[in-house]
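Look for chain A in each of the two complexes below; its partner is chain B in the first and chain C in the second.
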Partner chain A sequence: MEIKDTIVVAKDFTPTPGARYDSDGTKFSGETFLKSVLEPKFTKAVENNYLLKIVLDGVMGYPSSFVSGSFGKLSLEKTADKVLKHIVFESDDNPMRKEKIIFEIRHPKKK
Partner chain B sequence: MKKVYSQDRWKKHSNRRSKKESRNNKKKDGIHPILKAYLLQRKLYTYEDKRDRLTFKVLLAPSNFSFIDNTNKVLEYLKESEKHFRQNRGVIFDKSHVSHLTSDAIALFIAFLNGKNKFKGNEPDNPILKRLFQESGFYDFVKTKKSYQSKTNSSGNLLHRESNSIVVPEVAGEAVMRGIRHTDLTYKDTDPVYDILIECMQNTNNHASLNNYGNCNWWLYVYNDPNEKITKYSFVDLGVGIFSSLVANGLLNKVLKKFNYLKNIEMVDDLLSGKIQSRIDEDNEIRGKGIPQIVDYAKTDYFKRFFIIANDVKIDVKTGEKWQLDFSMKGTFLYWELQNNINNNKDYIWKLKTQ
Partner chain C sequence: MMRKIFWSSHTVVGLFTICFGLIIGFLVNDFPLIQFDNKMKLYEILNLFLTISIAIIIPFVIKKTIDDNRAIKSFLSDEIKETLKELKAINDFIKSCYHNSTITRGDKDSIIRKFNELEIQINALNQQLEISFKSESSNLLKELKEIYFIYDRYVTGDELMCDSYQKLDDSFYRDYKTHYNKLHLHLKKLIHKIHNF
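The block that comes next holds the complex of A and B.
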């Protein structure tokens, strides 16, 4: 499958991701990222059968509540296999970010 | 005005009496009028001071004024002052004799004094500790006389109080960068402290109140130790404390907790492993990963020390050691020391988790 779309989190969303919900008082919650950036682009990628690349560099970090509220929720709604079939991650600064998010997609529910 | 007061005759009479009075006064005590005024002022000051002593209670701070290293004594000190505040009496916090003062105690002290106004205090006599106290920004958060002012800190410390928006990523980012610069780490090392700070802020939302989520102040103090390349972070939230907001695991424990038979210290292991969480109803199945993430990070070489103090329990997160405290703290306190260790392990946690 070909990569036809890209999300650079630092540019397309924020360099300082927040917590889980808007109601936590943060502008850059996982919920906002899911609704405004991730889900629309993911849906397009599935419909047109291409790969969506997500660049994780240039941000301060990926708090677990942010990851769970965005990638975890997407995985719960669309299944982990479908998400990982249409999304690839790039993280040159810190490869552990990539592993952390893929782990969350595979295990969205707590143990 | 009566006509008589404007006549020359009256003025001459008045002058004569005034001079005579002045001569008589000098004869009486032989004190110069300026000196006399000064002494009178001192007398009044002493009187005011004496009156203060009747309505204010002087409390001597523990000489080891460190919340992490002398937790029980510091909690006892604050409990004692709380007792006087409840009786509507003021407190004079005497820190003059303090021989050991740490940034964590200052952070807790500032948070504790929030909303209280009937208190006075002094600074440590020790010049190094005095400077630490002055540079903390303490005076920006309390009403003070002009003689007590915050001094600009040269080490890039940060003291922040938040009460409106609960999770503030910009503040977390700023706090991370201050530590990264001081410890000579790089932009690739921002994740641990940033992720921990966001989780701390998010947790204040959950532990703020049992009935009203999100109505809680938190304080963050970032202290760059001038003597070593270590940044000390203190995060305080004075909500109900983690343990008061936990839902115990299993029916038996729930019943025991309900009737106060389950000690907080007995829930530590389940808390740290994410088996129990706060009483939040929404998305329960995907919650509960924040504290385990903090624990995983704490065990890496990025952190020299890492403690959580909540309610009546103190936890050394690096070693898993825990202590039952003699006094309870209403709230949650997290403290960690960021270091630049050659062994900083980039593979820190997720490999451990997936094993």
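The block that comes next holds the complex of A and C.
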């Protein structure tokens, strides 16, 4: 499958990801990222059968709450296999981020 | 000038070699204290070569391999100690927030940054272990990452990241210590396990 779309989290969303929900008080929550950026692009990638690349660099860090509220929730809604089939991650700054997000996709926290 | 040439190290070594040769020749010819047997059996020749080979292999190959291995293990132990330092930095920070009975947005951002540093260190350890002991370390690394992800999930995955959460309570801190101790102990055990590879 070919990569046809890219999300650069630091540029397309924020360099300071926050908590899980908007109601948690932070401006850039996982919920907002899921609704406004991730889900629309992921749906297009699934419909047109291509890969969506997500660049994780340039961000101060990814709190688990953000990862769970976005990637974890997407996994619960669409299944882990489907998410990992259409999304690839890239991180030169900290490759552990990729593993952390993949761990969350495979073992999503139900909340 | 003549004195300098006569007493140079080359002259002394040369003279010493000539004298040594004369003594050996004198002993062998006039006083056959050592008698050589001109007939040799095949196994004796093989034995001689085997002895020479062992004499060369032990210091140059086996000892070198053991020394290199020890140096790599020592270096990896230092990497684990660095990881423990990053983990301790997180623990000290959370401990101070707990004792101060307050946690601000800035403190939470600091925690996220410190977790990022710890992840970078775990990644460095992971990559180096894969270079030297890939098969031996694969399960240990998998286990380490899982324990780390659960620790990270506990600290940055729930109420602590909410703006309304402004004080670390006893229940949070007690469970936090359990997760911290588990990761801390796992890293310490890893030092011993690496030395057993």
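As a convention for this text, the second predicted complex is superposed on the first by the 109 of 111 C-alpha atoms of A that agree within 3 Å, B and C clash if a C-alpha of one lies under 4 Å from a C-alpha of the other, contacts with A are read in each partner's own complex, and residues count from 1 in each chain.
Convention: contacts are C-beta pairs under 8 Å (C-beta built on N, C-alpha and C of every residue); 3 or more make two chains touch, one makes a residue touch a chain.
It should be emphasised that the depicted structure is a prediction, and the values quoted were computed from it without experimental measurement.
In the superposition on chain A, A:15 makes contact with chain B only, while chain C stays out of contact range.
When the two structures are aligned on the shared chain, A:28 is found in touch with chain B, with no touch to chain C. Considering which of chain B and chain C touches more of chain A, the answer is B.
Of the two partner chains placed by the overlay, neither chain B nor chain C lies in contact with A:77.
In the superposed pair of complexes, A:100 makes contact with chain B and with chain C alike.
Residues 16, 18-20, 24-26, 60-66, 68, 93-97, 99-100, 103, 109 of chain A are contacted both by chain B in one complex and by chain C in the other. Taken together, the chain B residues at the contact with chain A in this complex read 164-170, 172-173, 176, 187-188, 190-195, 198-199, 201-202, 205, 214, 274, 283, 285-290, 293, 346-351, 353-354.
By the touch rule above, chain C contacts chain A in their complex via residues 109, 112-113, 115-116, 119-120, 122-123, 126, 145-146, 149, 152-153, 155-158, 161-164. Those residues of chain A that touch chain C in the complex are listed here as 16, 18-20, 24-26, 60-68, 93-97, 99-100, 103-104, 109. Across the complex, chain A meets chain B through its residues 14-20, 23-29, 60-66, 68-69, 72-73, 76, 93-97, 99-100, 103, 108-111.
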